[in-house]
Amino acid sequence: MSELAGTNKAASPGGRAIAGPRGRHMTIGPLEYGRRFWLRCFVAATFLLLYAPIFTLIIFSFNDSRRNIVWRGFTFKYYEKAWNNDGLFEAFTNSLTIAVLTTIIATVLGAMVALLLWRYRFPGKPAYEGFMALPIVIPEICMGVAMLAFFSRIGWPSGMPWPLNLSAITIAHIAFTFPFVAIVVRARMAGFNRELEEASKDLGASEWQTFMNVIVPFMRPGLIAGALLAFTLSLDDFVITFFTAGPETVTFPVKVYSMVRFSVTPEVNAASTALIVITVLATIVAMRFQTPDKTEAT
Amino acid sequence: METWKQSKAVFWTLATPGTLWLAIFFVAPLAIIWGLSFAEKTSIVDTEITGTLSNYIRALGTPVYLKIIWKSIWISALATLMCLIIAFPIAFVVAFAPDKWKPILLMAVILPFWINLLIRTYALISVFRTRGFVNFGLEWLWDGANSILAFIGLGPAVLGAFEPLQMLYNNFAVIAGLVYVYMPFMVLPLYATIERLDKSFLEASLDLGASQARTFWSVVFPLTMPGIVSGIILVFIPCLGSFLTPDLLGGTNATMIGNVIERQFKAANDWPFGAALSFLLMYATFGALALRSLFAGRKSGMEV
Amino acid sequence: MDQPIVSIENVAKHFGTVKAVDDVTFDIQPNEFFALLGPSGCGKTTLLRMIAGLEVPTGGAIVIDGQDMAATPPNHRPVNMVFQSYAVFPHMTVEENVAYGLKVTGTPRSEIGPRVTDALGMVQLAELAKRNPDQLSGGQRQRVALARALVKRPKVLLLDEPLSALDAKLREQMQLELSHLQQRVGITFIIVTHDQDEALSMADRIAVMNDGRVTQIAAPDTLYENPTTRFVADFIGKVNLLDGRVVGTEGERVAVEADRLGRITVPHEGDASGDVSLVVRPEKITLANTEPDGDVIKSQGKVTDWAYYGDTSHMFVTMDSGLVMSAKVQNTTRETVDNFDVGDTVWLSFSPSDVLLLRE
């Protein structure tokens, strides 16, 4: 065992002779990767690549030139054009209507499933969870063609008045968004301290009072996050809508798709910017709702 | 007293709506497609489910389609690999960032995910096209080089006129588009595992004499394997089934399975064949998921 | 003495405006078992991590065996660490864990095997070599961490709260084993702990830290019997701390007006004046039913509370002045506990030489 001691006998004999530093002093801790120059450059470059296209799109929606490449001065005229483009405007309204309806129903359905999975044990629960996860894992294109086949097979009426003509798309959107809501809400409930509920009952509250005063408030951030997710997923969806929509029900992504296939136009930039602003605002609002909650982590 | 946990009525109230919705509006449509994949066309509009396997045989036996399936797989694999290579340093930096920076950096990674897929793809087009910004920038550099060469006396326009790079409508554009669109899906699971990783494993490795690179390969890489596998699956599956990106960025010579499926249901009007292709895609998806659960051990199917 | 194995010279570590380690200077001698002791957040772990190279000092120099470590990353330092969480790699067997540090530094394969066997034998883990860490108990995992660090033959072994995750019985056993191990391998050990028992029982010298500064460095007995600051007196062991004021000298002794105890005279070396703290350890105080004789400081009071610890009891005696002092009573016989009871009037006394005077 004694050889364990005193290898590397490089010690300078006697006194306090200190060997000089072998290079630059370390200024960055070994795990402070975020302060390393090359990693910083890499992250900055990646973020640049991630955001540059989006920002160019936004900036050039204000460009006073159809060629869309050289800056010719600031203008709002393409916003005006996009607003007055009946097809684009209708598609925008359709998309928002579908997204709002989807959000409401998907949040309710998702919350119920989340409570079910959170509170109950029942035979076949893992299989049921797998069943609920189907819309999350299955490729969109498969879902899209399935919806197309389904609605044509059962003979879903077409040519109905607004907003009933959006029903098929909305139904499909709800089907693929509510499992996402269920996951988000359930993840939130996993952090619920059951003693809170027991305390409430101990203090004399009924089941219903406990549910409304203890469980629902705890669930709220999850509900908001889930609702936001449903809203964005619905607004974002192109593939499923593309297959479900009839010729007279055009949503914004479908409309943009048909416009983009022909050319890149500033109107599309303008309308896209509007949609980006809506989604980013929705995200920020949802984050605001969630922030005060940080302290009650269990 | 019966608490609501034991109440059958509450159980069924909670269970029924979601289950029914998913069964009628999701499983039933898939079942129809599944049935269709064993059907034959009897006329231009009619199909009959005859139990034939001809659609699958056609998909897996025709060189054209086999080539497309193969191409879809390698394009997706390459895009996934590039996502992994780019996302790992990002996830690393975010996970080791000071606490006050973490949410901001994470937000910066996730934010593009909230922006419409079509808009992001469209934005890429305006950057990549022949009259787009990349070519614009290159032309500027080219002209600059030309004038410098002219200035030092090599005569005017030595390099010749600028030929814009054809960056759209090829496989490169599709892969770049897929990487651009699905990167956040790779960063998030990686970040989650690195964040959960006990930092003292890294410190111990360094302390025992391993270099940073050695520490990465011997400690970080094996210990973050579950996150890597999750990320690969989360990116590979949507890449494989992607339709919009190859459609807009790939043009005719960079078709993937998704585009073939779409063509069968829209232009070609051969639903049974399209259905068979869709189900092949689904089987591939399930295969990938099974692989993942093999890797990640027995974990709940619902976590990312 | 030899050249110190570790020199900490004006080392500081600031996190933003927080001074985790604030201008610390001391030396550690070769083959010493050195403890860094202090409450949580006092900077002791940060200091240890700076020695290991896992944190970069904001200022000052760390010299290990004559080499300034400023430019040396952790993987090139001649020190190894036993982490608080042990950090035993979960994807390697016990053997692979121990071999890791040799493998990554290019030790010849023929040398790795015997050294790993040796190290595992030293911590009595030879028969668990092929196990996976998840099949080990906490104590065994700690031994793996120890073997993994010792196999590298470091000049200094750093231990960050090595015993905090173990239960009380095992901890006591490991304290002994660590001491023996250190004597056997003859390597300098630096241990960080918040547990005074651990530090007192194992260390040759202890540095007590508070608020990023070293308050006192001394051998365990000196630290306990002759603390130089109120903080050290209070942090190490139990103590009766009284405020007082020096009012004069009486021969060799200093006269002090002690808060609510009255005028007492105690021996004191060096000069003393003004406000002071008086330190009396509870075990130096004697309780009696009758008034004691001799050169003692004494006072009468009532037992108002007591805490029973099995081997000892703490009696809290409240004097007429309102002063509460605690006395430790050895339960030397099975009947000792019956001697005093709450409500009893007792005499409390201690020798003047057991009173320590600390200047504020």
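Labels A, B and C are assigned to the chains in the order they are written; within every chain, residues are numbered from 1.
Here is the rule we use: a residue touches a chain if its C-beta (ideal position, glycine included) is under 8 Å from a C-beta of that chain, and two chains touch if they have at least 3 such contacts.
Keep in mind it's a predicted model, so treat the numbers as computed, not measured.
> Mapping chain-to-chain touches, which pattern fits: line, ring, star, complete or other?
Looks like everything touches everything, fully connected.
> Which chain is in the middle, if each chain's centre is the mean of its C-alpha atoms?
A
> Rounded to a whole Å, what is the gap between the Cα centroids of chain A and chain B?
Those two chain centres are 15 Å apart.
> Could you put a whole-Å number on the gap between the CA centroids of chain A and chain C?
52
> Determine the centre-to-centre distance between chain B and chain C, using the mean Cα coordinates as centres, and give it in whole Å.
A distance of 56 Å separates the two centres.
> Mind pulling the chain B residues that touch 2 or more other chains?
Chain B, residues with two or more chain partners: 203, 206.
> Which parts of chain A, given as residue numbers and ranges, touch two or more other chains?
In chain A, the residues touching two or more other chains are 30-31.
> Please set out, as single numbers or ranges, the residues of chain C touching at least two other chains.
In chain C, residues 53-54, 73-74 touch at least two other chains, as defined above.
> Quick check on the complex: what are the chain C residues that touch chain A?
Residues 3-4, 7, 31, 53-56, 61, 63, 65-68, 70-74, 78, 118, 122, 150, 153, 155, 184-187.
> Quick one: in the complex, what on chain A touches chain B?
Residues of chain A touching chain B: 30-34, 39-40, 42-43, 46-47, 49-54, 56-57, 60, 67-69, 108-110, 112-113, 115-116, 119-120, 122, 126, 129-135, 137-150, 153, 171-172, 174-176, 178-179, 182-183, 186, 207, 211, 232, 235-236, 238-239, 243, 253, 256-257, 260-261, 264, 268-269, 272, 275-276, 279-280, 283.
> Can you check the complex and tell me which residues of chain C touch chain B?
The contact residues of chain C facing chain B are 52-54, 73-77, 79-81, 83-85, 87, 89-91, 100-101, 104-105, 145, 148-149, 152.
> Report the residues of chain B in contact with chain A in the complex, numbered from low to high.
Those in contact with chain A are residues 3-5, 11, 13-15, 17-18, 21-22, 25-30, 32-33, 36, 86, 89-90, 92-93, 96-98, 101, 105, 108-109, 111-112, 114-120, 122-127, 129, 131-133, 136, 180, 183, 199, 202-203, 206, 212, 237-238, 240-244, 248, 258, 261-262, 265, 271, 274-275, 278-279, 281-282, 285, 289, 300-302.
> If you look only at chain B, which of its residues touch chain C in the complex?
Of all residues in chain B, those touching chain C are 198, 200-201, 203-211, 214, 218-219, 222-223.
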